[in-house]
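Common to both upcoming complexes is subunit A, partnered first by subunit B, then by subunit C.
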Partner chain A sequence: MSVALPIPGFPGRILAVTLPAGPGGTPVTVGGQNALPLLPEGEHPNAPAVGMEVPTGPLELPPALAEAIGPFAGDPVAMARKCAGDWGARFLFLSLSGCHPDAGGQSVSFGAAVVREVLSATPAPVIVGGCGDEEVDARLFPAVAEAAGRPVFLSYAEEKNHRLVAGAALAYGHGVVSWSPIDINMAKQMNLLLADLGFPPDRVLIDPLTGGLGYGMEYTFSIVERIRLAGLSGDAALARPVLCHLGDAWKAREATDPSEGTWGDVGARGPRWEETTGLACLAAGADLVVCRHPSSVARLSGAAWR
Partner chain B sequence: MHEPLFSACLRGAAAVLALARTTLADAADRRGNNAPLAYPDTAYELPVAFGLTDLRVATLGDAGKVLDLAETLVRRGATAENALDAGAATLLAADVLGALSHEKGNPYPPPAVGFVPDSTLRKLGIYLVDGSVPGVAVVVGKATDPAAAAGMVRQFQEIGLLVFLAGDVVAQLDAQGVKLGEDFKTFPLGPLPAVIHAVNFAVRAGLTFGGIGRGQGAAMLSYLGTRVKAFVCALGPLDDVALAIAAGAMKAGLTVLSDQPVPEIPGLLLSRPAGDEMVRAGMEARGIKVKMVKVPIPIAFGPAFEGERIRKADTHIEFGGGRSVAWELVRSAPTEEVTDREIVVDGPDLRGLPAGSVLPLGIVVRVAGARMQRDFESVLERRIHRIVNYGEGTMHVAQRDTTWIRVSTEAVGKGFSLSDLGLMLYAKLHADFENIVDKVAVSITTRLEDVQAGLAWARAAYAERDARARTLTDDAVSEFYSCTLCQSFAPNHVCIVSPERLGLCGAINWLDGKAGFEITPTGPNQPVQKGAVLDAVKGSFDGVNAFVRENSRNTVTGMNLYSIMESPMTSCGCFECVLAVIPEANGVMAVNREFTGPETPCGMGFSTLAGSVGGGVQTPGFMGVGKHYLLSRKFLGAEGGLARVVWMTREMKEYLGPLLRERATEIGMPDLVDQIADETVAVTPDALVEHLVKVGHPALKLPPLL
Partner chain C sequence: MAKCSIRFLPDGVIVPAVPGESLLSHAVRAGVPLLSPCGGESRCGKCRVLVTGETRGGEDPGALSRGEIAAGIRLACRCFPTEGDVSVTILPGSRPARLAAYLDGKDLAGDEPFLPLSRTASGGTSLGVALDLGTSTLAGTLVDLSDGTVLSRATADNPQMACGEDLISRVVFAEEMTGGFELLRGRLLSGVDGLVSRLLEASPAPGEVTDVVAAGNTVLSHFLYGISPSPIRRPPYHPVRKEYPVVPGETLGTGPSTARAMWRIFPSLGGFVGGDVVSGILASGMHRQEEVCLLFDVGTNGEVALGNREWRITCSSSAGPAFEGGEVDCGMRAYPGAIESVRIEPETAAAEWTVIGRGRPAGLCGSGILDLCAELFRAGIVDRAGRFTSRGGGRRISTERGEAYVVVPGEKSATGRDVLFCESDLKSVVRTKAALCAAAEALLAAVGLPREAVARVYVAGGFGNFLDLRSALAIGLFPPIPLARFVPLGNASLAGALGALRNRRRWKEALSLASGTLYHDLSSDPGFMELYQRGLFLPHTDEERYRSVLAAEMTR
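Now for the complex of A and B:
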């Protein structure tokens, strides 16, 4: 006797979004699927992409990261080359954290210059992250948008600043990462607000806020899953690729504290922590993950099949 | 009456077209038809043609085609439609002239800038999208009174508008010492014809920021009409050409204000004297609102101070709270009756009063707005409480005519006055109700006679409002409102807020939901059509079911609004009190969040109970509700209503007080409140039943719950 397997079909499809590359580079296209991740059914034209964060400004790195990326501290251009080259990142997340007043307070024009240099140093697709200070970012995004010689994504637009970030992106042809604090309704509302401004939907990624393993990852898992299910069920405002930034994994004491001898080698613990967080995100449906440790790129890329 | 005006537009259009023809022909003779034609530094060729037609313009020959098309738009007959189309033709021809004049770059002597390049457009456009540049003012012509014109432009600069100038007014303002240039967002374009560069700037804004493509003329006009909040101030006499250009602006939905006695066209062409009145009319016609970034008051102001209490010893002055007459009232009014930002204080103010003073107080906030509704008055009025508490050194308790306000000695020492209080209300009501409020005026009086006279008036308004609230019943309305704010932590929870059942947090009633939807149409409060009534007693509506199903993403497939036993509403976690069934007593108990007792007759204290109720799931027999729901006529309709309540904490009984007795009397059980047990009577089911039997509680005679 044969039993027909109940294969769920979805009416919706996730919008495909392309992160453009510079001359000679490979653009990253994600989305386009009409099924849940890691399942055999449905169409998955684009595998998830794994990228790396390129930090700026002074860094206080936990042991595992100090060893891997410490030598590149203060040289985002060299680090960008390394990430996109040897380390195999398909895209870069250039974080202008150095412009934050509490993290050295590099000037806005300095931040914009870093963007320009990184973009000319590598053709890899780039997402530029603000510094997180509301007042500085309000000046930073327009400056970055103007300075970037080729299309990038600006991260991130939230409820408060979305008009400014979207305006800056529209002015120079960039995309935006729309951010919401683990809140499906807010994620939806953000996309409706952007649509209301006339922002092209195929230039928007959803960042649902990613908690690290043990520090809120389960909330992220659930929200990514629900965003994806809503999108596949036909909610166009949520049928967008999802980006998970794994940086929070490095805030866990388990990932960084060398004093706990019984927990094993801290040099291995950190990357493991980030990988595990990333694997959960991929299983939940993330289309882009941003990691900090080079070893995570390879491990997660290996897992990023559909 | 408008015919001469329309005829003038047609004549003007023909004149501009003829000029464009000859100028183009001259250029073609000189350079050949294939010579390139373009503005410097733009990706949009001749922007007006790019935005409104599907003609591509790269050469002088191509420009000829634009003029051919423009000619077809100039028709005979002095009608409004013909005049507006002639206006569009004028803009097309003027843009050709503009481009021709830029053959060797900016043709005008400084300070005039001519064509504004894309790079500037991109930079400034961000702030138009962002709203920090709230609109665009185009000032053209020759001012009769240069000082008045200068005053106007300075006002625009202060508000942060983008300003374009064309005509003699450029030199006049320069002479008046008005600051010109990109830093001041004020662009002196050149002589009158250069006004076309304001037009092609606006068109390019639509192309760059509005997602509008080449030749989408209708979309472009609608973008200019609704998104670019621009108006034109035309100073001095208007000749045919000026009128034709003005018609073009009107075609795009812009408002033109003239200081001449022109025949008005509502919304499009207005006659106003240059100066304040013109500024106000232009801003109003285009719905430009000025955002107050920082409220200019001498004390700190923000949510951080909301919880601050001001003790008696620190109080410099107080109003109300039983010590004096005090009341507050929000009234909506027609827009012409409210002057925005008018703050009037009548009677003694804070300065100079001895510490410990008590004064009477009447606060009237008058608001106007196209989407304001009388029903929202109470929503705005309740916000006064929070706004006053936002001040560092100001405290607000209660509402309406029981209001109680204290101002600290420190705040008065910093120079805080009642007009600052007015400013707080003004700024915050604008900010919080941006979508429904266009104008806010505050008047505050501390003169006893006025306060007393106003009290009667205010009470009449409260009474009118209450009467209206009584007519707002679940049966009378066709839509309820949802609230999904709590989905951030209870993913599938949906509150359905009806006139007779408020949100379970107690903070959102039906009117709040309604206002919330107007304020943020994409937000957590959405209208929910009741649809067909499936069961009026249980509160089952097919529209509600469909909404809950969709918004709980299929996890809650149906919900009865008035039942605790059968498909009750889900609970998120922020309920004011929990209802729980006590099977032994055939009734329900109610325990409020503040109750700290370890035990209730169901065997759990509040926090244990709360833990088992929340999370957005339906738990028959348990339900979180807002306290006021107990007073509703629809309270547990399916289970017999208030008569089911067998136990209630003391605190809740006190809180609901006389209203609870009233409601008990209304259902013919005046003794019910005393029959309901509390924690001093029973904390176990056995003791509870014993008590209920003794007092003859009606729940014992109701049909069995289980």
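Now for the complex of A and C:
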């Protein structure tokens, strides 16, 4: 006697979003699935994508990162080439952190020029991150939107600045990363606000704010999972791909502090910390993860199952 | 400072000046009505007075313009007499007024035989008084207990208002000021006595008051009964007592007109859900119905009850006084001069309004604020997050308090100043409505019922008589339930007290209803903050549901 297995199907499907590439590059398409990760049922047309952060401005790198990316960190163009080439990142997260008044205070036009150079140096899809200073970002995003020679994603739009960021993105055909502080309702509210501005839904990624292992990762896990379940259950405003930036893992003492001898080699601890955070995000349902260490790209890409 | 005095105008009351005491404290001591929603904390900027004579302080540049300071206008809570006699004129906007609007309430519990509580009066007709002790307003009805006819009705401001607009400030006032408790209790008793005197004066038939039934929130019931309400504001937020034994007025210390009457105070359900809600449930008849009903009491605090004849559960939302004129700069209570309804012309973004008493507008009362928010949202002048968009044309200005919408331009207002509605005002309204809606959703979640299970929604409270339900639903003050299921009740608390006065079975019903109603503490409900966050959006994060159930109300 054969028994039909009760495979529950979800009524919704996550919207497929494409991060466009330059000439000769490979665009990254994520989303499109109608099931949760790790489970056998449903369709998973696109595997999660692993990208790397390209920093700008002066940096104080923890030991593990200093060793791996130190030689390139001061040169965004070289770093971008290395990430997309040798290290296997499928997309780049170009962080204009150097424009922050406390981190070098590069000018807005300098930031825009960096974006232009990186975009011409590599065809990989690019997400451009602001510097985090509200006042600077208000000038930075429009400048970046104008300077970018091909479509990118702007990260990030939050409730306070969404009009400005989404407006700049709309005017020049870019996408946006919609950010909310580990709160499913605020994530939905952000997407509704973007929809009210007439922003195309297939150019929006959700950044739910990622806490590092031991520093809030479980909150992120739960929110990503709930966002995914809501999207699959038919909530269109949450049926979008989720991006997790693993940078917070590098704020953990465990990942960076060389003084604790009993914790083992700090050079190994850092990447492990990032990988573990990334694995959790992927298991929760993240479609894009951004890491800082080259070894994490390889390991997370290998684990980017569906 | 030797024997100086302070003269309050237009009341003409003179009190000796006490050094180091603010003009507001003098006013409180003199019994002069002066609005002070924040309780003298210098936060609300509403205790505006015109001063002649030597004073210092009270020149808060955030609340007063340079011109006003030069003209002698001060904030009474921060202004102190220094030398010589001082004359203090309380400005019209800072002066409470009386309001008849808080009287009407419906009793839906049905017709019942007339079975008055009373004993016989020693001489003349036996009279009964039903009282609604509100945080802001006291309302009363005088009834002939021989046949149940209403003889007179009256309202008065709660004289405790000068010691803080919300209950917690009053509890703090009672704790921290020397003699604060006695002062607040005295003010409540004098307010009640004044109200009863007015009821008796207006009554066509003389008689003796033999019974009083009072419905009030827990804090006011404690004050009236002479018990300290302090435990209510500390964990676990329990009141000292929930039931108040029936006693004669002289035990409570009331005036001679009710000293021999028996006082019945409705039982409280919890620290923040009082006898007024019990009385409201009684008037709504929810406790006799098979279907599940929701009851909102929208006042200075918001209380919600859910249930039917089998079970009931209630909670108090942390909703602030945004609909009673507090927390909103242009807000005022429903006095003459308050805008009570607003329409915004989408093309020009100009507001049209109606004013209580037909004069020039000075501010907006709760229903006006609600209408304004709904209309700003419908016209696209504010977005779902409660921020101003680029629309609004000439009606939008930048002020020291941020972006603002000009509801009434200065040349058309009673005060000569623009009546402005700022983003921060909108945020207070959004917080208030989110708290109220989330409270109802939390009760539904606590008993595991969907919104569709709610057959009727009763909206009680003075404000409930006047609010435009479509505006309320358009901004998500209530959960998305079809408009046809809403029933405005008006002052249900007073109506319930009246019902108990006319039929002694109803009083017994109230007592059993109180013990059969569960108090749900939202501060310990882990799901509440999430529901609240869902409500911090216009109309709500569950936007689809509002659109499908309330399409017509959203667009008007």
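Brief remarks follow.
Heads up, the rule we're going with is that the second predicted complex is superposed on the first by the 300 of 306 C-alpha atoms of A that agree within 3 Å, B and C clash if a C-alpha of one lies under 4 Å from a C-alpha of the other, contacts with A are read in each partner's own complex, and residues count from 1 in each chain.
In the analysis below, a residue touches a chain if its C-beta (ideal position, glycine included) is under 8 Å from a C-beta of that chain, and two chains touch if they have at least 3 such contacts.
Quick caveat: nothing in here was measured; it's all calculated off a predicted structure.
Once the complexes are laid over each other on subunit A, subunit B and subunit C cannot both fit and instead clash.
Look at A:D86: by the touch rule set out above, it reaches neither subunit B nor subunit C. Legend: residue contacts after superposition of the two complexes on their common chain; A:E67 is shown touching neither subunit B nor subunit C. In the superposition on chain A, A:E260 makes contact with neither subunit B nor subunit C. By the document's definition of touching, neither partner reaches A:E134: not subunit B, not subunit C.
Between subunit B and subunit C, B contacts the larger number of subunit A residues. By the touch criterion stated above, A:D102 is placed in contact with neither subunit B nor subunit C. In the superposition on chain A, A:Q189 makes contact with both subunit B and subunit C.
Of the two partner chains, neither subunit B nor subunit C is touched by A:E43. Of the two partner chains placed by the overlay, neither subunit B nor subunit C lies in contact with A:D202. Superposing the two complexes on chain A places one region of subunit C into the space of subunit B, and among 116-124, 188-196, 530-538 or 548-556 that region is 530-538.
Shared interface residues of subunit A, touching subunit B in one complex and subunit C in the other, are 163, 183, 185-186, 188-189, 192-193, 196.
If you check the complex, the residues on subunit A that touch subunit C are 159, 163, 183, 185-186, 188-189, 192-193, 196, 235, 237. The part of subunit B that touches subunit A in the complex is made up of residues 121-123, 125-132, 208-212, 484-485, 487-488, 491, 520, 522-524, 553.
The part of subunit C that touches subunit A in the complex is made up of residues 383-385, 387, 389, 530, 533-534, 536-537, 541, 543-544. Across the complex, subunit A meets subunit B through its residues 142, 145-146, 163-164, 166-168, 170-172, 181-186, 188-189, 192-193, 196-200, 222-223, 226, 229-230, 233.
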